[in-house]
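The first chain written gets the first letter, and so on, giving A, B and C; residue counts start at 1 in each chain.
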Amino acid sequence: MNDARGALFRFTASRTRSDRASAYLLLAPACVLLLGLIAYPLLRAIWLSAHDVRLLQLGMARYVGGAQYLASWADPAFWIAVRQTVIWTVGVVGAQLVFGMCGALLLNKPFAGRAFWRGVALIPWASSSVLVALMWLWLLDSNYGVLNDILRRLGLLHTAFAWLAEPTTALPAVMLAAVWQGTPFFAVMLLAGLQAIPEDLYEAARIDGGGQWAAFRHVTLPLLRPTILITTMLRTMWVANYMDLTFVMTGGGPGVATLTVPLYAYFAAYKQLAIGAGAAVAMQLAVVLAGAVLIYMRLLGSVEAAE
Amino acid sequence: MKRTLRNLPHRVLLTVWLGVVIIPYLWMLVTSLKSQRELYVFPVRYWPAHPTLAGFAQLFQSTPFPRYMLNSFVVATGTCVIALTAATAASYALSRLPVRGKRALLFVFLTTQLFPAILLVIPLFVIMRSLHLLNTYGSLILADAAFAVPFSTWLMTGFFNALPHELDEAATIDGCGRWQAFRYVLLPLVAPGFAAAGTYIFLYSWNEFIYALTFTADVSARTIPVGLQTFMGEFIIRWDLLMAGGVITAVPVIVLFMFVQRELIAGLTAGAVKG
Amino acid sequence: MQGPWTRGIRPAVLCLALCVLLSAPAFTQAQAPTTVSYWLWLDDPTDPMFPAVIKEFNDSHPEIRVVPQVIPLAQFHDKLVTALSAGSGPDASRFKDWWLGEFVQAGALEPLSPYIARWSGRSDVIANLWNTGRISPTGLIYMMPHQFITFYLYYRKDWFQQAGLQPPRTFDEFVDAAKRLTDPSHNRYGFGLRGGDGGQDQWLAFMVAGGARMVDALGHVVINSPKAVEVNQWYIDLYRTLRVAPPSAPSDAYAQVLGAFEGGITGMFAHHVGSSVLVTGKLGANAVGVVPIPVADPKAPATMATMAGNVVLRASKSKAAAWTFVSWLTERQAMDEWSRSRQGQLPVLTSLATNPFYQNNVFFKTSLDEAKYAITWPGLPGVGYVSAQLWQQMMQQALLGQISSKQMLDRIATALESK
């Protein structure tokens, strides 16, 4: 036994230096990928945002400093995009949180085939955004869509209502598709959090005489806070950046009714061919999101500190 | 009887929820089986009088859809290979080897997920162009791998950390070197995490849209999501064809996903709870 | 039993054999044909005319092989721009006059004037159509004319007969007919206004028919003149106040306006000869009539015309072969085949324009008559952006009452004037 431990000790000690070399070697591929394809482009983006560069004339770049930032602030469409991005993010993440919570509670109770149905419920999250857009475009079709057909049969609709062509309903309609797609992710995350809560806490709450709602408020929610915060933070980042659905379903229209900041940046870069201007807008989004992350981390830190 | 009644609201709500999830897919399937004549019938018919596979036949015979499927498969597989290798190596190092500032490094890894895709796609486009990788598989594989690595590393580090160090020591006492300890002892035990990360990477790459849209120009490297979107522009009045394309797009993902969903969910949630 | 020698030799011999086999084609091929990649959009991607035309060229020109790629028009501009920036664009491409200014400014197109000067078919092209591919101030031609369209107005002959209406010739008659045909309770509307993707052409048709102009004789942008603001307001009011267009008009693109007309929802819609076969096929020739775009002042008629031509990209490595293909498309036989097809548009050749086939077809005849006074988009770099995105954004906002007619036109004017 002593021999083995001695061997182990000598073995471990002699390997420390080669371990460190191995460590850096093993970390290298990941770090190279990230440095080359994320860190470097980030720096390049900052450079691009300060230069007037055109898509078909990439060799010619003219330094303009902050002019492109100022130009974006002077465009009314930019502020419309900002406002709609806030509505989009808060609305979609909020709805996903609420419905996800309901879904998690529903899945928390054991029933036959739960693991299977949990997988089924997650399929929208695993589906391509273009597929989701395609399915919802057909569902929302003004003449042949299922939604309008149901409303007609219920007597709530009498004409062909074009959900995606009306300025007041276009954004909510796309948000509906986004909520449908992302809620399962929330549900599954929250379910994991729920299942980590020990049963005896519920016992204690029951003994104290509270009902189901009280148990939810005083046991479930507080213990679920870290999970809620982490998941909400991840989803906020992701949803604020998400432009696939609006791009495919409405192209930012009608007019600018579904224009969000990432889509605005994309159009600047690829329709106006002004890559520098597009980068300037995208940088602003990144900065705002970084700020939001810091706030979340603060909140998370205070929650963890309180435990 | 009493239990069934008490469970009833639960069952009903569950059915409603699952119904809302499934109905769009079912409707897509039904539409794909309709002939062109039955497509634009008012009021809406919920099942075709003469179901047909003509849409699928035309999809495979006269559109580039089979090519899109090949491209997506190549890109997703390539991404998996590169990203899994990088992530597994990195997570092993972070879990088992002395590295200064592990937590900070992991944190930095995760912050890369926060940058808007639109912010990075523009300079990445310029970079890929100078590397002559535009309109090739390489540009998509590299970009997707770079974005999939941080989350996968985080995921796998959690799995590695869950395995006690005594396992390594036991293997060492038995005469294994580090590599053998990893290969024969640790790897089989993190298999669920490996599967979870692999599935996540594959799905991410398979469904990825923005980079595929901007980095590819013609059919040679176009993946399914971009192909489907092009399709929508081209055949805007042919919903039978579009829905057939949608079914072909959805089915492989659903099948793959259902096979590995247990492991994937376990992996995702393990990270979320342990933090 | 394998010794070290035999173990090494077998794979080496196999390798050598493989190399010889693989290089054999290189020795046996006399000369591989030059590949010309050609990008285009088709209104009807399932039309058998197009593969037949390509095959005809490839068969008759064994030293060149044309490889086509079809991309929807809505994404054509973006994909072409992306490909060119990537250095992987096609050798030749179908092209719209909308994009000419933008691409020429970026130096992406090969000037074709030298090639045209030596081309035998140049005198057959209708003389003033060369201007659609010409950029001032150099006067060089960058786009070969191929298929020309002037915008006209389809109307439901049966609906008009039932209502006792005459086909409209003036703005007032047009509005009157539209109002009489509109009945929201039966989901019927007078005019299928196209506010969505690609609707800028018919908008410009009505604008010039009403007396507005994009640029004046000196080339200054006048799209935001008081006259233009007035005509634009008239157009907007069709949807906003008179409500003779369906509620979905602000987002309606080609498929929607076509579908609405074919489905009996709208009584009139503006388009061009490219859709005539499709429309009469669905509704029957008795139900579909055509008139020139109604004008505000019959003494000064105008409509808009647009050219779908072909260009050779400057980055191409097979420019000569690309030119051979592109010029062949504009020669008599290929031109005739294309124009007679399901989605054919106006031939640009004088030898064909007088052909009875075109003169006896009411759709072609109306278009050709309009060609005498039709106006095209100016060759300004800003037209690319306006047509690719800005017009639609502005038009939709104006139709929805979010911006005024003047604001919309000022914004477009600014975009057109920018370098």
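Rule of thumb we're sticking to: a residue touches a chain if its C-beta (ideal position, glycine included) is under 8 Å from a C-beta of that chain, and two chains touch if they have at least 3 such contacts.
The model shown is predicted, which means the values in this text are computed figures rather than measured ones.
A.B. asks: So which has more C-beta pairs touching, A-B or A-C?
C.D. replies: Looking at A-C and A-B side by side, A-B shows more C-beta contacts.
A.B. asks: Based on CA centres, what chain would you say lies at the far end from chain B?
C.D. replies: The chain farthest from chain B, judged by C-alpha centres, is C.
A.B. asks: So what's the Cα centroid distance for chain A and chain C, whole Å?
C.D. replies: 39
A.B. asks: For chain A and chain B, what's the span in angstrom between their mean Cα positions?
C.D. replies: Using C-alpha averages as centres, the distance is 15 Å.
A.B. asks: What parts of chain B, by residue number, touch at least two of the other chains?
C.D. replies: 40, 129, 214, in rising order.
A.B. asks: Please output the residue numbers of chain C that touch at least 2 other chains, ranges allowed.
C.D. replies: Counting only residues that touch two or more other chains, chain C contributes 82, 85, 263.
A.B. asks: Identify all positions of chain A at which a residue touches two or more other chains, and write them in rising order.
C.D. replies: Each of 58, 143, 270 in chain A touches at least two other chains.
A.B. asks: Which bits of chain A are touching chain C when the two form their complex?
C.D. replies: Residues of chain A touching chain C: 54-58, 77, 142-143, 159-162, 164-167, 250-257, 267, 270-273.
A.B. asks: Taking the complex as given, what residues does chain C use to touch chain A?
C.D. replies: Where chain C meets chain A, its residues are 78, 81-82, 84-85, 102-103, 106-108, 184, 187, 195-197, 246-248, 250-252, 263, 384-385, 388-389, 392-393, 396-397, 399-400, 402.
A.B. asks: Help me check something: in the complex, which residues belonging to chain C touch chain B?
C.D. replies: Those residues of chain C that touch chain B are 39, 45-46, 69-75, 79, 82-83, 85-89, 253-255, 258-259, 263.
A.B. asks: Name, in rising order, each residue of chain B that touches chain C in their complex.
C.D. replies: Within the complex, chain B contacts chain C at residues 40, 62, 125, 128-129, 132, 134-135, 214-215, 217-219, 230, 233-237.
A.B. asks: Write out the stretch or stretches of chain A touching chain B in their complex.
C.D. replies: These residues of chain A touch chain B: 4, 7-8, 11, 15-16, 19-20, 22-24, 26-27, 29-31, 33-34, 36-42, 44-45, 48, 58, 102-103, 106-107, 109, 111, 115-124, 126-131, 134-139, 143-146, 149, 152, 180, 184, 188-189, 191-193, 196, 226-227, 230-231, 234, 237, 240-241, 243-244, 248, 262, 265-266, 269-270, 275, 278-279, 282-283, 285-286, 289-290, 293.
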